[in-house]
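Down below are the structures I want you to see.
One chain, chain A, appears in both complexes that follow, with chain B as partner in the first and chain C in the second.
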Partner chain A sequence: MMGYILRRLLYVVPLVLGVSLVVFLIFDSGLLGDPALSQLGKYTTAEDKAQLKHDMGLDDPIVVRYAHFVGRIASLDLGRSSEYHVQVSEMLARGIGPSLSITLPAFLIATTIAVSLSLICAAFRGGPIDRGVLVAAVALMSVSSLVYIIAGQYLLAHRLDLFPTEGFSRGPDAWRFVALPVLIFVFLTIGPDLRFYRTAMLEEIKQDYVRTARAKGVAPSRVLFVHVLRNGMIPILTRVVVELPFLFVGSILLEKFFNIPGLGGITIQGVLSNDMPVVRAMTFIFAILLIVANLLTDIAYTIADPRVRLS
Partner chain B sequence: MTDAAPVVVKGVSLWSDAYRRLKRERLAVVCFFVVVAYVVIALMAKGGQAVNALHASGKVGDGAKSFADAVLFAGYEAKDNEQSEKPPSLEHPFGTNVHGQDVLDRIANGAGIAIVLGMSVAAMAVFIGMLLGAAAGWFGKWVDEAVVWLYSTVSSIPDVMLMIGIAFMFGRTFTSLLIAMSVTYWVGVCRVVRGEFFKLKERDYVLAARALGFGNARIMFAHVAPNVAHILIIMFTLLFVEAVKAEVVLSFLGVGLSNEPSWGIIIQDAENELMRGQWWQMTFTSVALFGIVLALQVFGDALRDALDPRLRH
Partner chain C sequence: MRWARSLAVCVAMAATGGGCEPAVEPDARFVATQEIKGFDPVFTSDSYAAGAQKQVYEYLVEVHPLKRPLELMPLLAESMPEVSTDGLTYTFRLRDDAYFQDDPCFPGGKGRKVTAHDFVWCFKRLAAIPTSVGRWIFAGKVRGLDDWVERIRKPLRERLDTVNAWYPFEHPDLRPIVAEEVPGLRAPDDRTLRFELTQPHPVFTWLLAMNYGAVYPREAVERHGMEFLNHPVGCGPYRVENYFVYDKKVVYVRNRNWHGQRFPSEGAPGDREAGLLDDAGKELPFLDRVEFVVVPNTQPRWLKFLEGDLEWIETEKEIWGKAMTSEGRLTAELAAKGVRVDRQPRQNAAFTGFNMTDKVIGAPAGDRGRKVRQAMSLAFDRAHFIKVMRNGTWAEPAFGPIPSNVPGYQADVKSPYATRDIEKAKRLLTEAGYPEGRGLPVLKYEMSNSDAVTRNGAEIFKNCMADAGIRIELSSNQWPQFISKIDKKEAQIFGMSWNADYPDAENFLQLFYGPNGAPGSNGTNYSNERYDELYRRMAVMQPGAARDVVIREMLVILNEDCPMSYTDYRVQYCFVQPWLKNFKYTDLDPWLFKYCRIDREEKERRMALAGSRR
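What follows is the complex of A and B.
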């Protein structure tokens, strides 16, 4: 098992290098667009531009530039925001809190509901309850996330005045601003989650050990909650861990609509104000979080499921 | 024993079997025709845009233009301040927006953008994924390692961020979105095709083809590829939905199209109108989007069940 984990750890190195290469190709190579453009104002002369390009090291050969880029990343220098002239890392540190205050409760609520419903579906598979829940899940998934957010904001905040329309507070009254985004987030994620967990539970309920448990007279509810749920935890765990990085970054759309200063909101602000260093840093950070999450999933797998260790 | 007449069991091909199964799912058939209707509307809108372009360059007369305005949703850009923000009526079934533009025309043109982009993205992603996946699965060794590294790297960057990043740098054009989404979505196809090729290259028919002296390319594309065709079709429908949804979100966020009636942009415009109580633009656009996504999703699920024998119980 240690050998496997070690190999898996080593595989992170080429992945991080790969991500840095992709990020470099997108943002700094000049293949897709001019990296100096976002630093320039509207009225700049050709000389200013040439000077800036020289200062940014854009005259160097591409290999040298990539090496510089990797060097900066390795020293954790994500660059300065061209809009706010502060270190991007400072902006990120301030954004994590607001993002988590929405995604974390929403994620816990959505996962609890989705897992419970998936167990109910598995218990009554093929019946009207199962079909009804499934149809509802597909219908929920087919509505664009934009529509949920706009409709929720319009009806619940604007018309009925149950929640503030937008904004955020870092104090104890934060829950007022957070409640509606959390509610919408739950609606957004519950459809796909439910479909996934239901498939996982149905996969387990077909297994021989379930028939054995039934045959020896174990109560149906015990079979469901103890036997099936426990074994179904493995695919659930995978999905949960893979969703973790998205919790940190938050929902880009939600944060934009509700004007919440989280990481997602910062990203979109960066896009709209043409702030390339911020967008680049967010892309990179996001990828690193996902790599770490995948690594944790694989390690959790080897601990939870002995079959993985052998192969 | 006398010679009995040989019993001939007529084989059922995957395709005819799948067609039979699909036909039995009534909901899926309905959804298929809904998708067809959207495609027809999209093509009509694209035709209307072509007439507009021809009219602007003086190649067709006013008669063709007024026909296109009436039937092909070509009047989507015509502004009329007298008609600003009118609720649905006989003349404007979906109402008008703040510039007095007909919402129905704009939604039809939005369908044109969403569907043409969705299909192009799905086709590109399936093509790239198929080529790389086939090469990885077939040749193994360093080719496989290189492809696996490539798709692990790309899939380490979350889809939204990768698309935002590419579209952000490339600019707000159709090509930009096509590149951003194709670069993102080929990964899923590649993974599945690679796995299938790994499995299929051990089959006897591959050995037989080798014995006949056929080259790698011929065996890969003439013999093995038809056996993954059903997977490619499934992936195509899945990616089609994804691309339609993604286009709306990206355009809305300001990295997608601009100055075109994309559904994302219509929704963005409609947000302010909704706050003033004008529901029609938002409602009809959302319903249009909901319709195609739901239809594609239900049809795609039925198609997968019909085509993928492993999922049959």
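What follows is the complex of A and C.
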């Protein structure tokens, strides 16, 4: 297994190179704006601009510029945000807490509820409970995320005063600020999760071993929670682990509307303001997280299903 | 369950990187709609960063919070500067009781006295760093400064940290050259600061009131280096207790070392009746702890204002509809809350720019191009635009580049192409060889943003042009992309506005000065020899009748050449909580917390009535 893990980790190199090339070409093309100009303000001259480009090496040949770009990634020196002039590493370190404080609890709650409900749906498939849950899931999916956010802010926060309207705190009262975004995140994700897990559980519950277990007189709850759940873990693990990297980059929409200083907001602001160091760092980190997540999925398969061997 | 609650709190704190202290409620909370990009005046030019900085740093002079037209008054200077009769020498005498805030950058952590030498060091730093956004305030104006900048640039570039894009002005090796005397920027003693200009510059003192004119201790930059923007050290009424860029909040507490100041006893007509002089002569500041929060989205900002969490907010299209009736009065809900409306004309002009280097509509197209520009200006319906985009209220139609409240505005010179006249527009198009727009290629209008409001405004322009037979294609951009297109002279037509840096016609007329062409402030790349000659003459003249004659001639040239279609001059409407006292929107300095007072009894009474949680 170690050989497999090492081989998979080596895939990081070409992948990061590929991703970095795409990002570099998009930003270097100038389509999103000129990074040199954004630093010079409104009263500037062509000479100032040319000199700055020269100083920063932005007029070097494209191969040299790309080599510098990759060099920064390789040295793990993320540099400074061209928009905010602070260290990107510090921005990210401060942004990861707020992002995870929303996405992690929301993810855990949504997954737990979705898996539990999917088991109940599978147990009562075709019945009113199954149909009712399915209709509710589709209804939850059909509503735009903006509606949840605006309605949540207006009704639950402003009218009913159950939560703060927006904002964030790094102190002990942080939970007050993240409670509503977490709730909305759960509502946003539970529908698709539930449908996916229900399908996976239904696939399992139709299997011969389930019928055999029932014929042998195994209790229905044991059939469901031991046999079906265990064997349904492969698709669950696949989905759960693939979603993990997205937890780290936060929820762009929720962070934006609830004014939470997380990584999602930092990333989107970096793209909109042509902040190359921030986008470069986020792209790199996200690529790494994706690879690690895929690797974890493979390892988790071997734990969930001993028949699976990594080679 | 207590352990469970404690555990939840610990988890929340660990996840959010928080400290152990519970949040302390501030005396007042003000709002910014964009991120605050730090406290280094050399690298920040937007009004929010400037507003954040002006609580911490101080300047030789500041804008009077009440008087209109805007006036300057001394701040760190004892009095307004002594200006020589030839207008070339400005001498400031500094007050003797100004100290920097306590900070570890000083020996023993005790803030030292502010001297004229601090100003010299800060202004040299502003001028020398190539990425300084404020270096223009001295460039070409101060005797010997440009030569000195030339000398320091080479060693500065040699020490450039390319990874961090940092020119280390504070580097010990540069001290000898930094210490070199610049003839036009001198401190003869600790309390005297003298500028010698290369030519008269009537608005020079106004430049020193901008955020670039801040004084801060050399020791702070030497200690914090690149992190100075997160660790401001000033001598103003407040010091920053807690800030990191993108944290959406700056927490200020009163600076106990501040020299003190009293609330002005004079204002504009009507201020006394409005209660704006009730605190005349009282010691500032009134607030001990203030938060400046960033809330970019309109809905939460509006809801927080309704909840009493924000002291005042600027109006915008979405808010106006919720706050005002169709008759232009406050809604019953807001009136019951005691909210008041503050209305102040802004020093802002919105326009549609035409790229004068363009082959179809610019100077290369000669007379045909000029007629197309004039036709577009005539086809634009300003009244409709103001009705839809400014709710018919918070703007007045523009007939020239200079807003009507800016000194130097010429009421009697109006563009003959700034009033909608479709027939005349069609006639001009025919004369240009494009009858009913036939033969005229589709023109491209660059939008400054991709949001709905910007698109709405662009659609109005497009539809107005269609009435005259001119076909427009809208192009969506993000702000950096938009600016980049203008700077590269690739934007054919673009919508934009200009906020005054200082209240003078010159600041608007320089937008058409040839040498300021892109990537400079002249985004239309307009170039006219006669205009440029008049501009150079006007820029050094003192305000008065002779200068007005020159300005009028410049406006006539502009109106005929039509490098812009003028849109409107904005009027600022602010919604103000009943407990916020002394607030009057000042265009160049909207956030001066030291003058604001909160009537706590009023606030508690109102909040109790509203049943709000605060």
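Here is the rule we use: the second predicted complex is superposed on the first by the 273 of 311 C-alpha atoms of A that agree within 3 Å, B and C clash if a C-alpha of one lies under 4 Å from a C-alpha of the other, contacts with A are read in each partner's own complex, and residues count from 1 in each chain.
The definition used in the following text is that a contact is a pair of C-beta atoms (placed from the backbone, for glycine too) under 8 Å apart; a residue touches a chain by one contact, two chains touch by 3 or more.
Values in this document were obtained by computation on a predicted structure and should not be read as measured data.
Of the two partners chain B and chain C, it is C that touches the larger number of chain A residues. Within the superposed three-chain model, A:T302 lies out of touch with both chain B and chain C [touch as defined at top]. Once the two complexes are overlaid on the shared chain, A:I150 sits against chain B and chain C alike.
Within the superposed three-chain model, A:H158 lies in touch with chain B and with chain C [touch as defined at top].
When the two structures are aligned on the shared chain, A:S89 is found in touch with neither chain B nor chain C. When the shared chain is aligned, chain C comes close enough to touch A:S101, but chain B does not.
Residue contacts after overlaying the shared chain place A:L272 against chain B and chain C alike.
Legend: residue contacts after superposition of the two complexes on their common chain; A:I252 is shown touching chain B, with no touch to chain C. Once both structures are placed on chain A, chain A residues 32-33, 150, 154, 158, 256, 272 are touched by chain B and, in the other complex, by chain C. For chain A in complex with chain C, the touching residues are 30-34, 37-46, 48-49, 51-52, 55-57, 72, 77, 79-87, 90-91, 93-95, 97-98, 100-101, 104, 150, 153-154, 157-158, 161, 165-175, 178, 256-259, 261, 265-266, 269, 272-274.
Chain C meets chain A in the complex at residues 8-9, 12-13, 15-23, 35, 37-38, 40, 43, 45, 130-131, 133-134, 136, 157, 160, 162-166, 226-227, 229-230, 244-248, 293-297, 299-300, 303-304, 306-307, 309, 478-484, 487-488, 516, 519-521, 612-613. Listing the residues of chain B that touch chain A in their complex gives 149-150, 152-154, 156-158, 160-162, 164-166, 168-171, 245, 248-249, 252-255, 264, 267, 271, 274-275, 282, 286, 289-290, 293-294, 297-298, 301.
Listing the residues of chain A that touch chain B in their complex gives 14-15, 18-19, 21-23, 26-27, 32-33, 35, 138-139, 141-147, 150-151, 154, 158, 245-246, 249, 252-253, 256, 267-268, 271-272, 276, 279-280, 282-283, 286-287, 290-291, 294.
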